[in-house]
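To keep things clear, I will list the structure first and then write my remarks on it.
Order of writing sets the chain letters: A, B and C. Residues in each chain are counted from 1.
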Amino acid sequence: MTSVVDSLLNLLSFTGLDESILLILVLHIPALSIFLVMVVNATVAVYMERKVAAFMQDRLGPMEVGLFGFKGGKKFWGGIGQTIADAIKLLTKEDIVPDSADKKLMLLAPFIIFIGAFLTFIAVPFSQNLVVSDFNIGVFYIMAMSSVGVIGIIIAGWSSNNKWSLYGSMRAAAQIVSYEIPIGLSLLLVVLVVGSLNLGDIVQWQAENRWFIFHSPFTFVAFFIFFISVVAETNRTPFDIPEAESELVAGWMTEYSGFKWAIFFLSEYANMMIVSIVASVVFLGGWLSPLAIINVGIPDSWMIFDGPFIGILWLMSKAIFLIFVMMWFRWTFPRLRVDQLMYLCWKVFIPFCLANLFFVSIWELIGGLFFK
Amino acid sequence: MSENFLVKKFKEKVELLENNSILVNINDWKEISQFIFKSKFDYLMCITSYDLEVDNKIGLAYNFFSTTKKEYLEVRLEFNSTDEIFSIAEIWRAADWHEREAYDLMGVVFDGHPDMKRILLPDDWDGHPLRKDWKEPEYYNGMPVPKDKTYWE
Amino acid sequence: MYKILDKSIIGADEMVMNMGPQHPSTHGVLRLKIVTDGEIVSHIEPIIGYLHRCFEKHCENLSYEQIVPFTDRCDYLAAMHMAHGYSIAVEKLLGIEELPERVEYIRVILAEFQRIASHLIAVGVFGLDVGAITPFTWTLRDRERIIDLFESVTGSRLLYNYIWPGGLAHDLPPNFVQKASDFLDYFEPQIEEYNNLLTTNKIFIERSADIGVMPVDVAINYGVSGPTLRGSGIAHDLRKDEPYSIYKKFDFDVPVGEGLMGTVGDCWDRYYVKVLEMKESIKILRQALKTIPDGDVKSAIPKKIRPKKGEVYSRYETARGDLGLYIRSGGKNMPSRLKMRSPAFCNLSVLNEISAGWMISDVISILGSLDIVLGEIDR
């Protein structure tokens, strides 16, 4: 598939400028749009989280703050402008820095995490031909870039000069680095079957055959291991030990306030969006419509609803469903202790993933003889 | 009855009071407390320190309970405010904090306690408030203690 | 259990952490000085006294009737129990043997409702400490209904000043029995919901079973009482062993910890004993509400409380354990010495013994299972 940058370059080639100058001009558009996507995502996700949490806890959530005069009243869409009010509050809040903290590192940490999330968005596709840069090592690039965030967390915990923050960031580092292995191994399964690291090729394969989650019992298990591991990667409950509210106040983010905290927050929700989109693209068929699975004999063009614009709709609904499941987890389960978390990763997930890899290879070999 | 057995064993050293509690001399307390523990009174419920307003004397009341025999025992000690009492914190661990509280609020010093320091009041407090002759200090850490409490009591 | 490594080989430094007075999960203003080796705890020292309000010194200048609101403020989550225990102690001191039946029934009904309310908070807050936020909001929702009942009877939500020595402040409102029975019908299936979400949840069991095991002899030596002691397997309940008031008339069991999900005496057992006790309280309440007699609640209240010289030590079973009140009277209308032995005071002292060798997350779990209220520890 062609990437957005390529199509923009083609569009503006009539100006006759030099390729590199055109590139520099064109790159601003995807950059700004990714930033916009991150901000809108955070706004919607925070509102969704508060409403989902409230309804699960038998209360109503934000109900007062309206948007441009639309209050929503006593119905479901009560406090629809709440996040905008929160954002304005965070931006105008006083920035408190503890006296003995390392100021330069404290300033650096949120931006490292933000850069990690931002750079990952480059390879994430939103539909056919709607990806900022079409890497042919897409999966590998996403895994690599999402690891950059760990550095930011460690720097944040260390520079706060607070023993509890240090605890939180050490736990976070151990957790994130360990859980990358099951993620990589589960993605490896998919790459093994498809034969390419490019995300567009993976969806193309799923369009021709079937969605990965239904492909074989091993990829079915791999989806669940992948999903639980990404919940651990993004530090959500039941794996939110680094920011465990009742133990460490806010863990490694304790000493941050105002704008820097808003950046942390933005990156956390951006991370959730990234992993949900990657999970949908790789396992759930990406921008393919689920109606294609049920072939009922009605003409294709009507039932399948494929197309670049409808594709965004399907991808987003799958991603939002996975985000909803992550929020559902947060309000249902208690949190795991650090050593139980590590036990789960190293002694349960990794052996399962390795066994999965072994069996999938055999399945492909033998199944290919029978089922192709 | 347990009082009878204590009176039987220690004869003149103890005295039976009207409400069935035993009055013990502080010099015999070490021996008697170990004997009480050996007689299966394993649950120390409460240690109360009280100020007898005569003669500068202070009293301690120990309430014991036996979980196996289901019996109660109350033992009292009465002594001058400068005496030191044998601490039973090694025998009944519940006594640890109760004795610290008696020291903190009444000023009873226990001999042999693992960690004798104040428990409820700040560490730099002067005096022992629960005594009847305690006067409020004029200043605490440089802040004057208000005398006129009309608007907040 | 985790073994603390031999320091001479590795030479790691011990870190002293302070879980300060302001902390989301220390149940009040409690300071814990934790000496750790990495994440493993080697020694904890609880430092209390941040909420000391000189209750005992005040009582020496107040008359016996005036002390009742002060007892409410000691354990503010189980205020009816404090007032009831104090009233029983003063009645023993005065020598009042018999109270009107209606007074006793109403006192027992309110005490059992208070027990359910206090256990709801204990259960919810334990879940909150472990990370499960939703059961906390559900238990608080149900506790609101109990508090509404209390408000209709006494006029206030948390600190009642209702149970006086010799009787009650005033009688029940007319439709109280109906509302109380409706609440019980609503509440009984809710306990099953909490069990579904929390008690049998695998992650919750991993966080609380086999952790902080308290052997019986340690518990008795430290003076532990209440559900904390019953979680270690002994059925010591003052309502059954030495029944005060009219508990002899009711038929109920005393739940003990049996080590269903781990060892006997771990955090899960102490938690589950509270859930079972709520069910037993419902049983008592149903029996009491059916047979409540008529009568005058103020007839036995003495005009002036002026006991003769003497002492009394009276015990009462509150939601947290064994409340002891030692009152010395010098013949005046004010006590010469009033000492309150609060159950949480002794329960907290056992923290160091049972948490050595566990991790910091486990310390939070153990502290939650001990169910302390700083108001009654510091008085």
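Note that contacts are C-beta pairs under 8 Å (C-beta built on N, C-alpha and C of every residue); 3 or more make two chains touch, one makes a residue touch a chain.
Not measured: the values here are computed from a predicted model.
Visitor: So what shape is it, when you link every pair of chains that touch: line, ring, star, complete or other?
Guide: Topology of touching chains reads as a line.
Visitor: Could you pull out the chain whose C-alpha mean position is farthest off from that of chain A?
Guide: Centroid comparison gives B as the farthest chain from chain A.
Visitor: Would you identify the chain whose C-alpha centroid lies closest to the centroid of all protein C-alpha atoms displayed?
Guide: Given all protein C-alpha atoms shown, the central chain works out to be C.
Visitor: Taking each chain's centre as the mean position of its Cα atoms, how many Å separate chain B from chain C?
Guide: Here chain B and chain C have centroids separated by 25 Å.
Visitor: Taking each chain's centre as the mean of its CA atoms, how far is chain A from chain C in angstrom?
Guide: 45
Visitor: Averaging only over C-alpha atoms, locate the centres of chain A and chain B and give their separation in whole Å.
Guide: Taking the mean C-alpha position of each chain, the two centres sit 63 Å apart.
Visitor: Which positions of chain C touch chain B when the two form their complex?
Guide: So the residues of chain C touching chain B come out as 48-49, 52, 54, 56-57, 220-223, 234, 236, 241, 310-313, 315, 322, 324, 326, 328, 336-337, 339, 341, 345-346, 349, 353, 378-379.
Visitor: Give the list of chain B residues in touch with chain C in this complex.
Guide: Answer in residue numbers: 18-19, 21, 42-46, 48, 50-51, 61, 63, 67, 70, 74, 92-94, 96-98, 105, 118-122, 129-130.
Visitor: Applying the document's contact rule, which stretches of chain A touch chain C when the two form their complex?
Guide: Residue positions touching the partner: 53, 56-59, 163-164, 167, 237-238, 240-241, 244-247, 249, 331-340.
Visitor: How about chain C: which of its residues touch chain A in the complex?
Guide: That would be residues 15, 17, 23-25, 39, 127-134, 137-138, 141, 197-198, 201, 203-204, 206-207, 359-362, 364 of chain C.
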